[in-house]
Structure formats: C-alpha cells, structure tokens
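Next up, some structures in structure tokens.
You will see chain A twice below: alongside chain B first, and alongside chain C after that.
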Partner chain A sequence: MSGLGVRNLLALSATAIGAFYLGSHTKRERLQQSSSHVIRHFPGLPTFGTVSAASLVPAANSANLTATPSRVSQIMKYGFPGLDHVRSHSDYVLSYDRRNRIPHWVFEHLTAESVARNDAVDRSKCDFKPDESIHPFFRSQNTDYRKSGFDRGHMAAAGNHRLHQKHCEETFYLSNMAPQVGQGFNRDAWNSLEMHVRKLTKSYTNVYVCTGPLYLPHKEDNGKMYVKYEVIGSNTVAVPTHFYKVIVGEATDHKLHMEAYVMPNKVISNDTPLNVFQVQPETIERAAGLLFFDQINRNQLTSINGNKI
Partner chain B sequence: MSGLGVRNLLALSATAIGAFYLGSHTKRERLQQSSSHVIRHFPGLPTFGTVSAASLVPAANSANLTATPSRVSQIMKYGFPGLDHVRSHSDYVLSYDRRNRIPHWVFEHLTAESVARNDAVDRSKCDFKPDESIHPFFRSQNTDYRKSGFDRGHMAAAGNHRLHQKHCEETFYLSNMAPQVGQGFNRDAWNSLEMHVRKLTKSYTNVYVCTGPLYLPHKEDNGKMYVKYEVIGSNTVAVPTHFYKVIVGEATDHKLHMEAYVMPNKVISNDTPLNVFQVQPETIERAAGLLFFDQINRNQLTSINGNKI
Partner chain C sequence: MSKRKAEETSIEMASGAEKISIKTNFTIGLTEPLKEYQKLIETEVQVDEIVDDEIIKNNFEGIAAAARDVIWQLLFAGSDGDGGVTSESQQKASELLEEYKGDATFYDPWEYNDWITKLRDEVLKKELLDFWRDTIVKKQLGPCWSRDCDLFDGDDTPPLEFYAHGGCTAPFAASLKVRAANKEVRASDASDADSSREPPEGEERSAERSADDEAAYTGVFDAVITREQPLSEYRDLMTRFVLTDVIVPDEIQQASVKKIAKAAQDVIWQILFEGAPSQEDQDKAADLLQEYKTDSGFYGPWEYNKWIFKLRDEVLTKELIDFWREKIVKLELGPCWSRDSDFFENDDDVPLEFYNKAGCKAPFNPPADT
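What follows is the complex of A and B.
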C-alpha cells in the first residue's frame, strides 16, 4: 500500500472515529460515578497509592521476581483505564478481555534505564506461552495463531523490558498478544511506533504508555454501521481492526506531554510518517470504552500530539 | 421466518458454538486464579456473603429505595459472572460493557411473590432514561435507538420487578437495554422466554437468572470466521447477534436445576418451542467470556435443561 493510500485510509478512519465518537462534543467530565473514582474512595479497598487493584492477580510462574506493589503503583501512577481482569506482571500491567481472548489494555512505565540495551537479556530465549492464570475457557493458545496468517503481536513490547530476562520473558505470555498483520505492520509501522515510544525516554524522565486493540465500525452500502473482525483458531481469538497507544511523558520540569496514536491492522507503507496516525486521545477512549490517565486533569497537560494546550 | 427455518438456523448456530467453544473439551476447571475466587479470598476486600463488589456503585437517583447489601447478596448468591463496571440496583445487578454501550450481563432473583401481578405497579408510567451513573462517553441515549429499527429491549425484564414501582422504573435505565428486533423477537419469542422464567417460580422457591448479549462468529465464503454486528446511533450502541439466559431454580428440597438458552436477535416464528433454544451453559460461557453460577459445582446440579446429570 502506498503512503498516500495509507494517508487516505487514515483520513477516512479518523473521520469515522471523529464522526462517531466526537459527535456529541461532551465536555470531558470526570464523574464521581466513574468506577475508579468510586473504588478509590471506597472504604475497605486498597488505595491506588499503596496496593493497587492490579495486584489482585499477580503473574503466574514468577515466584522469584513478583510484581511489587510499589512497581505496580509506579506503572499505574496516573490511573487504571478499567478494572476488568487485571494482571500485574513484574514490569507491566494488563487487563484481559475474556470474550476476545486478547488484552483490553496493557500499561508500561519506561525510563532511559529500563529500555537501554542490555546484553544480559536475550530475547531469542523467550518463548510464546499460554497464560495459565487465564481460565482455560478464555485462554489463547499458540495453535490459534498457527496458519492464521497473523503474527502474535506483543502489546507490551519485549524491547521495553530489558532490565531482567524475566521481565522480557513475561511479555511472551499469549495473554499479552493480539493477532497482527506481520510484514508491513507488526514488523514495520507498529515496530516504528514502539521504537518512537522508547526514544521518548531521551526527552522525558518517565514515559507511561497504554496499548490496546480497537474494533472500529465502518459504513456499508446500506448506509448502516457495522463492526466486523476476524476470529482465529479454536479459541476464536479476535483480530482487532486497529491498535492504539496513548502515551504520557513526564519532563524534568514535571510537565506532562501526551501523544495518542491509532494504526489500522493492515500493511502500512514504510515511508508513512508517524504523525499521520495521531488522533485526539478522547477518540480512542470512546472507541475502546476506557478512560486513559484518569488521574491527570487534561488542563495539567502541556501538549497533546505536540500541540500546546 | 418459519419454525423450520428457525430450527435450521438454531441448529447451525448451535453447531457453530459447539465447534468453536466446545472444541477443546476442557474439563470445567475452577482455577484459583479465576478473579472472583481470588477476590473472595483477598484480605481487605468485602466478601460476597456480606457486602458484594456490586454495591460499589449503587444505582443513581434511587435514594429512597437503595440496594441493600443483603438484597445484592441474595441476587448474587451463586457468584458474579464478572466484575466489570458492576451496578447494583434495588432489585437487579448489572455489569456494563462500556465499549458496546449495553450490558455484559444482568442478574435477577425471582420468587413467586416478586413476580406476582401487583396493581400498585404501573409499567406505563415508566420512562426509558439514560443512566447518569455511566460516564457520558459510554452512555447510550434514546436518540441512539430512534429510527434504528430496533426496540430498546430490557435485559432485566420489567415484568420481573413488580414489588415496587421503583423496582419497575429502575429496569428502564438505558444501561439495562440492548437493541432487539421488535416484532417477532422482543415482543414475541424473547417475551415467551421471559414468561417461561417467571413461570419457573411456580416450580422453584428461588429462581436466579442471568441475561445478556452474544456476538457469535459466522463462517464466510473465504472459509474464515468473522464476528459482525451493527452499531446504532451517534453513541454506536452494539446490536448483539444473539441473547442468552442462564437460569438456576432452587427447589423446596434445595436441589438445583439449571436451564440455558440462546436466541438469535431475529424474527422467530411463534410456534417455535422454547427447548429448541436450549444449549449447554458452557457454550454461553465461552462465547460471552463469563462464568455463570461460579459458586455452584456442576456436580451439585440435579439437572441441566431438564436432563438429569
């Protein structure tokens, strides 16, 4: 697909999201009833500052490098997008969508140190493995991906977790995967976006990134809107139509900068600049059914997608 | 559609579910890691027997008839199917799917007394109303349904909540609705199923019923499987392909009987017997990403769909 083709596709896509998710022009209202708020203030539940809800289900098979409550609260510093089947791994936090057998979202906290090349960590020794902490009814398997034509695409990128071999290995749980077009997407445009996120650790002291799938509607000839996506394997693993990343960079002056990207799960020309994929974070929130960085008032942000606000 | 047509359709549908969700023949394994188990045993979280997670977000605008913890624990006696955005109303409990703007599931507890005709309750005085407890990004509106061709179909049926006018009114929150084919489904076959459930209160002391949507995959000419569903209105409210009910009846001898139904969201001939729609509960669990009546060991059940086990 040509760069221009992708631009048109993205323009269409952005229009589609805009039309359907920005239609109501609702003021970004942080309701008291939003579950994370209620939960935070509910007596008897641990508060996010200390032990988060994410630590309810620590990663399986990681006895010697378990997630510490302090690491989880570092990663989730600015709020949980949702609280559905949350798993805390030693260096990332994940919410699992049992119906679609892929994540709702994964959350990572990156620093220059955590993404630096580390010869002690060998990615080639990591194996894709089923996540035993997921009930077998909802657990994806390597066989689901085999001959599907799709890659097992990392949501929390392996290259973001280089401090310990265990950190890297834990990104290979199939619960952290979603079916991605390989050549031209997972190994190309998507990988470029992941590298861009890592590069942000040169500009910011702390980088927080939330990654996940989208199932965006399209209009058909009858004028009606439909969501349509393939499902693969005997466990009917969903193939998302798009993927998103919402990123917050914390500068040395403590100012916060947000970037938000949506990429179609399609072959994308290598010459397509990343800013083509930038969207307003709210469009992703509406489409995903999630609220990102809920504990940051949008007025506290210095920029969104490089634009001063 | 003829009765035979529906039977074929259901047979196909059942085969489809069977093939894709029963393929692995996994033993029904109640893992320790299943979140409800973990949460139940997690210190600092209220246990289900006393105050349930459902009471985190009580129904909005129901100050004079709020859900009591004891009523919630009655309704949810046999376990939560999931814990995503749970709302406890005074006579039913709901989990909201923010991405699809309709419920994941609703849970009701019926007795002969609670479903008895009560002239003090007037359904015609109830109005469909947006649920203010849902964040505006994810809240469905009456305008979403207007001219869509679909009914606002109750998940917790209005006719099941006749003890108080308030109980009936609370079933009219749009968060309790999903787009249903009107003539031939919502007003016919689905209504017959709801009446069947109410009639079970004549055979059982307590009837527990969980209701919700499904988005079932179908095979296309290219041999691949797809999930496809319409979305309506500016809030892109999902139109499920199917709906389910999973029911447990508690007999006077305390024996438990389960029934499980899946109906396509389509015109169904009035002469179609209800048992055509019966499926193994596990097929619904796999398709919905939920576990029903988790606190009942399947060995404790006396019958499933009328068959002794």
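What follows is the complex of A and C.
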C-alpha cells in the first residue's frame, strides 16, 4: 500500500520536474528565436528631466522623427492629465482608452513653424491605418467607421504637425481617431476650432493644447440622469457625446493664457461663433476625470477664455 | 508588456481571414457590374477580421481599377461619336460610378480624384452631355472633398472648377457663397464683440446661497423647528445646511445632521406631549417622524433606534393609542432595519419586539428564514 504510494509520488514528481524543464527549455528556445528577429519598438513613456515652467521652449529648428524624451517633455511641460496607456509619437502624446477604443486625451505643442504650410508635407500620402501597437482586442479598424455615419475624426489634428511628413502621417493612426459627425462638425465647426488653435500661434510663442472626448449625462423623462452613447462597428468604438480642447498660450512676456472649449458631437450651424462653446476649464476636468495643465496654478494665468483673472 | 503577445492574438483573431490574400487582378463583367463590384468589396475589403492593412489597400486598389475599366467601357466602348452607347449601359455606369465614389471617399480618394477628371474630359469630348449633367454634376460625382470625405477638411479647396463645364456649375456653389459671406460677417462681428457676457443664471441668488454654504461648511447655524410647519422647516434646514454642493468636512456634516435631528425630536415631543394633541397635530408629528426616520436610515440610524423606544413608551404612557396604532405601527416608524436602511443586512435582527405592545404586532412579516 505504502510502496504503491511512494511509487505514485515518484512518478508524479518526475513528471512535474520533467515538464518544468521542458517548459523552460522551449521558452529559452523561443526567446533566442525571437531575439534574432527585429524587436519592434512601441512608443512608451520616456523618463523626464525636470522642466522649469519659467523657461520658454525654443521653437525646434529640426524635426525629431522619433519620440525623443526631450520632445515629449516639451509637449507634456505642464503635466500629464492621466497615465493610462500613454503613447508618445514624434510630435504628439496620446493616452489610449482601451475600453472605448479611442483616446482619453492627446497633447500637442504648437509653434508658428509647426503649423505653417509646408510643401514637403503631402496630405494625400497620409492614410488612416490601424495602430498595430494597440493590442488587437482594443484596436479600432477602418471597417468600424465605414458606413457608420461618422468620420474618423482626428484628436491631434493633421494640420498641427507640418514640420515633417512623418509627423503628419502619425496623426492618421486610428488610435488618434474618434467617431465624429462629419458635415457640420468634423469638417466644419470642429475644424474651425482647430484653425483657431493654429491661429493662436500668431499671438503666442508656444501653444499647448489637450484634446479629448466626453461622455456627458443628460436627464431623461423620468428625471434621472443617464450617460448614453452609441458604439460602432464590430469593435464597438465609442461615439463620444462631446469633445473638448483646453489650450494654454505662452506669450512673449511669459504670461500664460488659457482657453477651454466643449462642443457637442452633432451638426453645428456654420454661423455659430466659437466663443459660444467656451466653458470654465474646471467643468471639463470634472466631466473628463482628468486634470489639465496641473503644473500651472490657476492664479498664475493672466486670462481664462479672454477674461482677466 | 503582457505575457500574451499581441501577435498570437492577432493570429487567432485573423483565423477567419485566411481567405483574404493579395490578389492582383479583379475583373468585373458588363452584365451586372454593380452587383459584382459590391460582392468583391464585401469579401475582399470590408472584412471584420484583422487583416494586414496593406492587403486591404491593395485589394481595394485592384477592385477600384476594375470598376474604372468597366465604367469606361460602358460609356465609351462602341460609341464612335454616333451614339452607340445605350441608355442601359449609361445607367449601369452611373450606378457603379456612384457606388465606387462612395467607397473611394473612405478608402482612397486620391486615385478617384485623378481619374474622374480624365473621365469628365472624355465624357465632354464624346458629348455625353446628359450623363455629364444628370449623373456627374447632379449626383456630385466629381472629386472627393470635405463635403463627402473625412480625409479633407475646411482648409481644402472645394472642387468648384471641375463642374464648370458644359454650361454647368457645381451644385454646392451657392452654399459656399453664403458660407463665405457669413464668415466675413462673423469676422467683423468678432472684432467689436468683446467679452460683454451675461452673468450666468442664478447669479443674483448666489449671495444668499453662499451664506448658507458658509454655514453648512462651518456648521454654525441655528436649527429651529416650530410646531406650525415642522416638516417643511425640517426640510428647509436639511436642504440649506446638509444637502449642499459644497464639500463639507465629514464631522461637521455629521454634527449638522445631529443638530437638525435633535430639533426634530424636540418638536415631535412637544407636539405630542405638551397638552392633548389634536388630530392635525398628530398628523404633523407623524409626517416629520417619517421624514426624520428616512433620513436617519441614511445618515446613521443608531440615535433614532434608541430614541424611538423612549417615544413609544411615552406615547403608551400618555395613552395616545390612536397615534400608536395608526402612525407608529401602521407606518412602520419603529427602529430602522434592513428594510429601511443600508446600514443593516439581512442577517441583522428584525425589530419585531418593538411593536408587540397594546395588542399590536409588527406590520411586516419576519423574513422567511428567521
């Protein structure tokens, strides 16, 4: 009886040890094989040097083609709104919302030079493409957007990144898109807001802008509040109810000016002036669950939405 | 990086996509071109599986090229300037062109935009003016732009010139004029409209409200409830000093709730036991008691659960039997338990005992498992 038990135990442990060694061996094999392949570098979060808010960032005279730590810390000078799945591209930084398949936020740093017309950048070579650095479960595809009634709407706008073709192309990753109403919004009112932000580089040395989606509640007939939004395609990409932009301009006298906008994701009449959509930045922070320009004490701002503080 | 490699998952997820591969030439026949085209798009382009983007692009390019060939054939083959093109084949060309443009706006407008100009020139040369007017111009099948394609935006130039042939103009020319006019008006408005904003609504009330908020924040206020309108006064105190939007330190809020609860207890006691309470008095007391009990269930039931025994004993001593039966028992104004309050769970004691006085019983059945 006990002899049988011992034999069983021996057989069992031999199997277990054998399996362990076999496993570790194959794993080593695989590692060796994979190391002979080229390892793809996904944009990650670089380490940051300290950035002093007292110094103006000089306009870059040459375009970085990779997400260098120095470029990223320039863009993120005033703090990260959040740290969920942050990806840095050569000219903008993005936090990806895997559940909704669109960004939480994107951050950009614009100068007059980076938004200037540039014949070396050809929009027609840019293509909406799935972002393969996103796990396939959470990736949106062109198919999701096709015939959905929504545009592939840029969060980081293509027109903000004209220093180099690559900068522009990187804004066409579907991870930088959210479903936007096309005519009357993405190609009109929202586009006007993007142009307005670009125009700010005429008044400010540096313009920092954070853009992202909102899912705002509304009251239904029973008096209760609900958050309701459509999802499109087989990957159920969320259609946000609103979008925001929070902008800080650094003037030559080092003074800081903030503007904040929220626009509903629907057809907006062409004659609606932009300042109708200005809101207090705090309301966006509360709705988004993020803090924008956290490194700036709001008392340091000279103006918010054009009003003196 | 997670242990589960994205590549492995991709392979799993693309397992249904094996049938999709790079094909180099697609053909579309002349008999049912639209159907054939749609089927090709459906099977080779519009797939839900994860397929390499290059493959999709190549397939679309191939199908688009086949569509362009067929359209060209339908319109120009066999027509030697003597109208050898049947209306039927024009119809087919028109349908396919419309469908192809719809896809091109999504997948690849650039190729379309180049080619459609060539097609236009050929159409005009061959003097197919009906096709020009009724199909290309009317259905706006000229170059893709921001009106029909998300690869363009308001910065891009509208393709007005394309349509300005054969006595036609772009169908959208008028609306662009209106828009340009609006823009000018707006620009002049913007210059003289400086921030003369209306104060937000509720501005005039804010002074009063902030005094209440201040009191709520500090807990410094007098909780006065009189015999006349006890319920509405109680509610008013709760609304002003407890249910505020201001973030109040927890211990201060608790103290405020206690203070208002104490005032409620006192006034109930007064109404019931200072002289003989009329029916109206009893109703008032019961209304407040009910509201106070509900709030206790939320803010903390312990004080209520102690005090309600005292009240009950006094009610029975004073022989207010109606109040006991019709109010306390019937309205379940005894101690809070899991039916009234999330402070309790199902395995907590049920206050059956409390009601077993003066021939009454608890108005509820004990849970089955006790």
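The rule is simple: the second predicted complex is superposed on the first by the 246 of 309 C-alpha atoms of A that agree within 3 Å, B and C clash if a C-alpha of one lies under 4 Å from a C-alpha of the other, contacts with A are read in each partner's own complex, and residues count from 1 in each chain.
To be clear about the criterion, contacts are C-beta pairs under 8 Å (C-beta built on N, C-alpha and C of every residue); 3 or more make two chains touch, one makes a residue touch a chain.
None of the values given here were measured: they were computed from a predicted structure.
Of the two partner chains placed by superposition, only chain C is touched by A:159; chain B is not.
Of the two partner chains, chain C is the only one touched by A:183; chain B is not. By the touch criterion defined above, A:234 reaches both chain B and chain C. The larger set of touched chain A residues comes from B, when the choice is between chain B and chain C.
When the shared chain is aligned, no partner comes close enough to touch A:113: not chain B, not chain C.
When the two structures are aligned on the shared chain, A:99 is found in touch with chain B, with no touch to chain C.
Look at A:124: by the touch rule set out above, it reaches chain C but stays clear of chain B.
Residue contacts after overlaying the shared chain place A:135 against chain B and chain C alike. Common to the chain B-facing and chain C-facing surfaces of chain A are residues 132, 135-137, 234.
Chain A meets chain C in the complex at residues 123-124, 126-130, 132, 135-137, 139, 141-143, 145-147, 151-153, 159, 182-183, 186-188, 191-192, 194-195, 234, 270-271, 273, 275, 305-307.
Only residues 20-21, 23-24, 26, 29, 31, 33-35, 38-39, 42, 44-46, 51, 56-57, 60, 82-85, 97-100, 132-138, 215, 217, 224-232, 234-236, 238, 282, 285-291 of chain B touch chain A when the two sit together in their complex. Against chain A, the residues of chain C that register as touching in their complex are 2, 6, 9-10, 13, 46-48, 50, 53, 56-57, 106-107, 110, 146-147, 150-155, 179, 182, 185-186, 189-190, 193-195, 197.
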